[in-house]
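For reference, the structure is listed below as structure tokens.
The first chain written gets the first letter, and so on, giving A, B, C, D, E and F; residue counts start at 1 in each chain.
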């Protein structure tokens, strides 16, 4: 089984981080390639960024078909171009947000999302509604630290993150927390021990679900939302 | 007041059709420009098509800011790149699907959407959920005729469309019907008389709402879903 | 085009305030009449008040038909007798709450409502549910000042209102705020600048939507919720 | 315990029918008065009719307080002026639609409503949403016979009603059916035996719930939706 | 009429408390038996406890049929084995949580639930969703006192309970509060006077609804969720 | 990694069928034990049956902890005693219905469930609501053949099943179909080819998800819905 893990931005550092996570959990017999898109924004923090990345994501997905991959993991917690990708793909595609949500449903009554910036809270709420999961959603809360602060003081990130999560549990009713921001990755186990909630690292659960369901022969439906686009004149 | 009506595909025929509709209803003192994107698919019938059109839509939106437009109407009933467009825009942007839904809410308890192809029914259901309006949604039904059939026999399109709408009213509880497919445009008045339901032509209602709200100084919120993207390194 | 703006209470002061707002934004070629009901409560602050006003609202609506109006704007943020009015009316009727909600949907992910008294929060929550918009609703919060306080100290109203709105944005996720209480009207622009959220003055957006949609020939559906009542023996 | 059963229309025939039902099930020690409003429409079939009846309903409710009643049952399956009535009332008020819905929840997963005319289906759907019960709602279907047909041929009413109910069960998933139209009253037991579903006669269940909860000292909350209206200047 | 009130745990103290409440409100002509299951946990505080109690509840329900009871009230605010019980029962069964929810709907826009321990908040949220009532649900909050604290200091329970309820009203929008924890029973009237909200004691309202609806001949539907199980080989 | 696949009924034939499915897809390095409960009903077709099976399921789960299993798959498409099992378990537990629903979300906009008997449609609708997934749910439809018919004529089962699924796709908008009834198992691939929809065999996807997530160290949250029950006096 060959799986492509595609980082849909152009940050080599992020790709490396994703690669670290995936290599630790990939089964030895799976051939995993971890790569990034050829061109596009260094990070995806807006729908605008996603629009710029989309053509390069789609190109990489097409290439993956030619290269004989059995499945693709799109490794960004915003599911960029998810519908377009599933439309053109005949092999399974798993994205981080959608898959982490599905896994969260199995672990407790309500889940919360940790995000980085305040305005992303609105975006996450919209996504939860788009996926039809509002009834299982406890809250989204942002770290709300500047990139400078995050870089300068990792210890403080951890402390602030822990405090935000404690409020998700105490005030919002979260039983499961999804680490929707890269700066918290790597602390999941420690936080899980301290806080009691199930803490999900999206890349980990998505990769494993992709590996498992692909092995089982599961494919996305091509008769509705993800129907293959008809060929079309493009000027 | 200067309004840009942007057809987000490259079909001159569609642009002309939109122009006809808009010119009939635009107020004389509004300067309306009706145009289309410079490059991209001839029609938008999939998320994939929309991804291809997006960079050109975004370029046109940026240009509209430089050209001093007061508002933009994005003239396709699939709201392509709607969030990205509103993120980068500081002038109001109105899109056909979203605006037609908002107007439908004012006219009856439940609305239905007429679409062209069967698989688009899933897409429309997803959109209705994304916009949080399932409780006001009666149904979506497709004409389900091939383009060849549609072109060959306009009279039959009308007849089939009428039959589909009658089922929306009788079986689905629709009181308002949105003409979500170009082939039915132009028949709204006649159908409204025959069927009794309110029939909405999205371009008409969206253009008028855009004109009115822009005049009233209404702007979209820039603190959440549509926050202006931070500048970013693009490779 | 002739539009009747009907204040459904008997306060001349409120009618004058509405008239000020409408005259500032009405198009010169529209003939607008701003009036109030002949008899009834001085303000509408309960369903009971609305019941008392209803017969006089309905009489005014009938008269508007005889006087050849093309549309009616019912100028109170509680949509009094909305269904009865639409049932007997064959010309379009736009009400403030419903229309402001529809416009809010176009401007951000979630909207909040500012109201005057604590117990009206329950009423607004019920209305949001009745209109099927809970998924797009952030919160309702009351100023919670007595009329005496409001009258005595306009500067404090502004200050309290600003503080309440800040909480809507910070704690409730509001991106759009509807000024559902008269005492805040007139501050929309200033608040919008300060708080960043889109602030809606219901009379302004409703009047403009009414003007625009009426010009476009839009009418409410008469086959379901607003079917014309059959004549009936009344004792 | 003194209970007032108020028919909110002016049809003596309907009042008599209600009285028959109530007398059969009222406990001997309860003093029940069954009456009708002094003036108003002969039947309530629209929101407009309800607006006309409202002042007379409210007057009767005030009178009931003076006459020392312990509770009021408002005997029409459209809950006319329900909020206004509960606002001005300090004694419990039970209405047919709301109470029948609450009882239906206890008897099966989903309930359907039988109504008389097609356009009332929209009204019932709106009510179900207003009461927040869409998730437990199977469907509403109309008999769709003219009054003439209903009067002329009671046997056919029964036959058509049975056929409609069979479709509610087979196609819509109804387990409980609420007889929301007077012409079917009296057949509940027979239909229940034939169809297997629980069939609810709203006046019966509402009266009994009112009697029971009043005896238990239950009262509606006066701090939110039903807060007592402040006195007000009425012109 | 013979009603069995079944305490589905083995605490004689709880059974006695239930008996006190029921005897105060039962009609003299009703023959009420208040009893408890023969074997099982002393209290039901988890789904696990409920699983252990279930066989004994089911046995008691079967016995009730043989003993000629007309209805059963299952007296625990967690509705243990509710579906299984209704499946095997041909006489009406009323449970505390479900019935209290249905009554709460009649008394205000939103209800809250007072519970004992923090983790039960998740359970109650799940139940509210299972019953399809999220839209009418304000909140659940726990007393969060240890059993030792509750036993040692009844006065403090009352004080903490009052404070928690005040927050339900002020912060969560509750108009009706359901006493979902035994330690608060008996204070309903006093709290209702102090707080203004309607306070429901589940055993009281459920018993009275059971008595009333049974008298009216109401039965649960046996064609769907509660269909009688087919006989089956058990090893 | 050691996984216990527990058939929660006492049919050796079903256990064998499950074993066949699991062995085909289990990874060679996983030690899988497929077994059934020691006592209980031969099949689980009602909540009553589940209540009878529950003590034996719970005993088997406890034993699995002692035997050092890393995860448990509960192999029945009704999730019997799911909450109780997760409460007492500190190792992950995956159940067929819940997991199949989570996987279905990743494959299309809406899913349908094929069930055996008509009355189970109500049960499945309740489950979908309990899991908060109504917005992603297309429909449930029953084969509605007697066991005799199913046994006698497998070819007709296939034919009827295919026809029912075709209606799910054409009339209900299903893109994903979950084989919620054993008689259809084994036909998934063939049906998927014929119908185009994604067809899920619950045991297959659940086993693979369990294997994958357990390997990734994912555990259910123990702070809310699935909190470990306190020890308790049992009589």
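In this text, a contact is a pair of C-beta atoms (placed from the backbone, for glycine too) under 8 Å apart; a residue touches a chain by one contact, two chains touch by 3 or more.
Keep in mind that this is a model prediction, so the values were computed, not measured.
A.B. asks: Both subunit B and subunit C are touched by which chains?
C.D. replies: Correct list: A, D.
A.B. asks: Based only on mean CA positions, could you tell me how far subunit D sits from subunit F in angstrom?
C.D. replies: One centre to the other, that is 42 Å.
A.B. asks: Using mean C-alpha positions as chain centres, tell me how far subunit E is from subunit F in Å, no decimals.
C.D. replies: Taking the average C-alpha coordinate of subunit E and of subunit F, the gap between them is 30 Å.
A.B. asks: CA centre of subunit C versus CA centre of subunit F: separation in Å?
C.D. replies: 51
A.B. asks: Please tell me the distance, in whole Å, between the geometric centres of subunit D and subunit E computed from their C-alpha atoms.
C.D. replies: Spacing between the chain centres: roughly 27 Å.
A.B. asks: Going by the contact rule already set, what residues in subunit E reach two or more other chains?
C.D. replies: 108-110, 121-123, 126, 129, 132, 135, 173, 175, 223-225
A.B. asks: Would you identify the shape of the chain contact graph, picking one of line, ring, star, complete or other?
C.D. replies: It is other, because the touches fit no line, ring, star or complete pattern.
A.B. asks: Between which chains does touch occur?
C.D. replies: A-B, A-C, A-E, A-F, B-C, B-D, B-F, C-D, C-E, D-E, D-F, E-F
A.B. asks: So in the complex, the part of subunit B that touches subunit A is made up of which residues?
C.D. replies: Against subunit A, subunit B makes touches at 10, 39-43, 45-52, 54-55, 58, 81, 83-84, 87-88, 119, 121-123, 126, 129-130, 132, 223-225, 227, 229-230, 232-235.
A.B. asks: Within the complex, which stretch of subunit F touches subunit B?
C.D. replies: Per the touch definition, subunit F meets subunit B at residues 108-110, 135, 173, 175.
A.B. asks: Please output the residues of subunit C touching subunit B within their complex, sorted ascending.
C.D. replies: Checking each residue of subunit C against subunit B gives 25, 27, 94, 98-99, 101-103, 105-110, 131-133, 135-136, 169, 173, 175-176, 189, 192, 196-198, 200, 204-205, 208-209, 211-213, 215-226.
A.B. asks: Provide the residue numbers of subunit A that touch subunit C in the complex, in ascending order.
C.D. replies: Going by the criterion above, the answer is residues 121-123, 125-126, 129, 134.
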